Amino acid sequence: MLQTEQYIINIGPQHPSTHGGLHVEAVMDGEHIVDSIVHLGYVHRSVEKIAESRTYPQFVPYTSRLDYLASHLPTLGYCQTVEKMLGVAVPERAEYIRVIMAEFSRIASHMLFVGSLAIDLGATTGLIYCFRDRERIMDLFEMTSGQRLIASYMRIGGVSHDLPDTFIPAALSFINDFPKMIEEYEGLIVGNEILQARLKGIGVLNAEEAIEYGVTGPNLRACGVEYDIRKVDPYGIYDRFEFDLPLGSKGDSWDRLLVRMQEMAQSVRIIEQALQELPEGEIKAKVPRIIKPEKGSEVYHRIESSKGELGYYIVADGGEKPYRLHVRAPSFVNLMVLPIISRGEKLQDIIANIATLDPVLGESDR
Amino acid sequence: MKGKGLLEGLWITLRHLFEREITIQYPEQMPYLQERFRGCLQFDYKKCIVCGLCTKACPNNVLSYESQPVPNSKKKLLLSYTIDLQYCMFCNLCVEACPTGTLYFNHDFELSEYQRDDIKIVYEIPRSAQAVISEPADSPIEMVDSSAEPAPQPDEDEAKKQKQINAMITALKKNPVKAVSKLVESEAQAQILADILQADEKKLVRMATMMIEDREKAGKVALAFVNKELKDRQQEGGAGNEPE
Amino acid sequence: MENWFVNIAHALTNWLTGLGLSVGWADFILLVVQWVCIIIIVTLNVIVLIWLERKISGFIQQRLGPNRLGPFGMFQTIADAIKLLTKEDIIPSATDKLIFRTAPMFFIIISVMLYVVLPMGENMVIVDLNVGVFYFISVGSLTTICLLMAGWGSNNKWSLLGAMRSVAQMISYEIPLAFSLLGVIMIAGSMRLSDIVAAQSNVWFIVLQPVAFIVYFIAATAELNRGPFDMPEAEQELTAGAYTEYTGMRWALFFLAEYTNLVAVSALMSTLFLGGWQGPFLPSWLWIIIKTYLVMIVFMWLKWTFPRIRMDHLMSFSWKVLIPVTLANILLTGIVLQLFKGMGW
Amino acid sequence: MSKINIEKMLTELQELMGDKLQISRDDSFSWLNINSEALLDLMGRLKNDYGFNYLANLTSVDYGEAFEMVYHLYSIPDNAKVGVKTRIPGNAAEVDSLVSVWSTADWQEREVFDLMGIRFKGHPNMIRILLPDEFEGHPLRKDFKVER
């Protein structure tokens, strides 16, 4: 009788498909995964400790570096948290600009998701096409904030710059070309039978498990749970826009891809509405230069980032620096289900599962 | 039908095979940068009022400066200004904090250096400029609490200007090349301009006045001077090998 | 132009026999010369091919590809080869040294051996074996052993996984590969490649055997370990599979051998299905080059479009789809041939 | 699913728990300040009896003499919310683990252990998650010395 033995294979932290510094210790039986242990911390920068030694406005650029693929979203969450503490009302125009930027970030992040999924499955060309289109969003960011990737554009009380004149035509032309881009991804990536065969029925997460493990964002909606913070707990001015929540049914990798593909279209819908209603006016509320929230005030504020529920919990002690700042990072919590959904699947599937859970290590390791 | 998606993908890649490329050939062809692009952080010492707001705004202690108090005044004299770019996050907070527009980002994004120390940008404030500042009376540089001071009277203004011009004349006489280096583009041009001004006292005074009153005009005149001199030299068959 | 190379060979033998050598010795020397020629052709071809692959992938991805060295970046590969040659040869301490060192050598030798039976033009074949197709398949499948050696010798789990995959894949795809060629052999009535080419003087076998062609194409992609079947390498999953621990020239030898294999298989494909060296106007050796390159461009096109297939899908595709299809194809070909024979054609 | 009646729940819980539970409110949350011994009991009730199936956030604050554990609970799909706080003394930083109630507490508690040094009783895998295993100290504590 043939004797077999389990062995351990280390996927990462130096591995082409681990999206940064993820380390998965996989216990394997041949090509099958018996168990996997996720090791984090390769991108740990102790952001929460840094926050305690920075003033409230000074911490803004650090939040951009959490989820660097959609850098407007964590910044938005932080600024809104501090505004909630101070009771600052943000000018209308700034709110609209924030929504536009946040949704463009979401599209950029999802585009990179589709592209990196394609390259993780071996289709290099898909990545390049997604990058090509994402570049146009980066140009929009550069136009407004001056930075492409890590914009640190939001400020406590508003945004740092007004939209330039060139922004709206460029944004409209992007929206105009958007259906063509989606069509191309549908043809090259989503419609491909090899890719479908590799994603369908793989990494299945049912709804109860997902909630139990605190999975949020597109990953939760792929399980068929209609839960989006923009809808259930609207922040900013999200209650003014009409958009649908794309839902999956099975919660497998394929659903996670489809939900994100459809979410991009919904984001475009929100941007269209916001651009139409964009009012004139101030872009920044009057905020004192030295921000000192009341002693003992504490706020938990959450937004729907492109990865899920991004929450900030800030405790103030009356000084100009936060006493305690905690980031509830969606990638961190979402990654917890990786061992559960990949159990019993193949080595190639865990790569696809990592890709479809869409973790950003800058955020999960903080 | 199975395989239709495969063919569709093949058709898409085939179509792109014959399309024009979308990349740019970087070192030869520079990328198009938006107006607000944040490249390298720059410091314009002439505008600095040594208020220290930038260092307070910076999250990462990138900025630091040395100053010394001016006697009998609340004002401070800037000695040097350091931007330690290796810690810079390009977050724009210092630029937003600066009340006079002293700090700004230019479009230079090629910031790599071979040595760690070279990343640091140190602005030693030129002695000529310091000479201007260290005039005992009102200095042209605005000070920390300038907004609190009453607006200067017109004749006072005139006197102040004359003082500035005098200071500039001194500076031009002492170290002409450095003083005019901001007016022209290259060092060679500055050298020529300095020579001209050294030779002709009248021109020197005129130039100093213009530099205080209207910088742009001064720059134009300076360029005209240099070009004329170059032409003259060429006609003499002499140094025709000047740049440009 | 047609007979340049044949004439050169004749002249060489004549000159050698003129020197007083026996005919056998002269043939032997000619053989050596031909071998050297093949190695030169292979190397030059690889240089062009790598450049071509990078260009094509670049164009598909709306980039330019290599464009710095030489016209259209043509010398890029040469620069890369020089770089690889001068790189440090790192042999990890835990490897099985003998196996680790010899694996790339065997790989390249086996790849070059394939060229022996390929007709590169009219009367331009080194050894016109009467079991040419058989020889090609059997020698071609030996490359698996080299990959297994590389994977085992590296003493690395990624490499071993890559090697195991390669073996499993090769065993599964060897069968449809051979079966798909049976149809062609049945029609031509010979395994000698020159006979098969001659049999296509009226109509190419791609018309008579389209199913066999498609199956052979798929199986050959798997045999060559090219995308979407590049299981043994699979850089997104197995880092670089069997080649993970190789550096410098040893790694380059694998690369060289893969492309050499690609040329050989494409040349065989054009010989068996696309009429070989036959074609109007141009000399025969040019025709085979054109056809081979066209086939290779299709290979590249596929690689740069598709994602990698999953291992178990790959296996079940071979056993459940390709093998039944080829068997049916053989049956059908046999029946039709017998019918035609019965009708007295 | 019917909407959770927070007020009713609070009075019920207050009756049940007695002086182990103090209820306070701020702008966005109703806070249940629970004695740390009764934490697991309260959480079990909140999840099973009242339907708070989603533990959104789990964190801790160092107040010098005491640590405060902070939990933000939501219910999916009707989005009721409640906050739970418990204080534990700084010299014996230990509290019941919630992994048996919500699986999502697993990594979040490990993170708190890693950065704040609070031990969780009954956690299946109480090891560091972000910092290397050989790291000394817990950086988010106020007495942790930061270089530079």
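Which chain is which? They are A, B, C and D, in the order written, and residues in each are numbered from 1.
One rule holds in what follows: a residue touches a chain if its C-beta (ideal position, glycine included) is under 8 Å from a C-beta of that chain, and two chains touch if they have at least 3 such contacts.
What you see is a predicted model; the values in this text were computed from it and never measured.
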Partner chains that subunit A and subunit D have in common: none
Core chain by centroid distance, with centroids computed from Cα atoms only: A
Distance from subunit C to subunit A - Cα centre to Cα centre, in angstrom: 45
Separation of mean Cα positions, subunit B and subunit A [Å, integer]: 40
Where subunit C and subunit D are represented by their mean Cα positions, the distance between them in whole Å: 64
Contacts with two or more other chains, residues of subunit A listed in rising order: 125, 129, 132, 188-189, 192, 194
Multi-chain contact sites of subunit B, meaning residues that touch two or more partners: 6, 9, 12-13, 16, 22
Chains grouped in pairs wherever the two touch, ordered by label: A-B, A-C, A-D, B-C
Contacting residues of subunit A [partner subunit C, same complex]: 7, 9, 15-17, 31, 118-126, 128-129, 132, 188-189, 192, 194-195, 197-198, 346-349, 351
Residues of subunit C that touch subunit A when the two form their complex: 57, 60-63, 157-158, 161, 165, 227-228, 230, 234-239, 304-313
Interface residues, subunit B side, partner subunit C - complex: 6, 9-10, 12-14, 16-23, 25
Residue numbers on subunit C that touch subunit B, as the complex places them: 56, 58-64, 67, 301-302, 304-306
Of all residues in subunit A, those that touch subunit B in their complex: 54, 57-62, 64-65, 125, 129, 132, 139, 142-147, 150, 152, 155, 160-161, 164, 184, 187-189, 191-194, 196
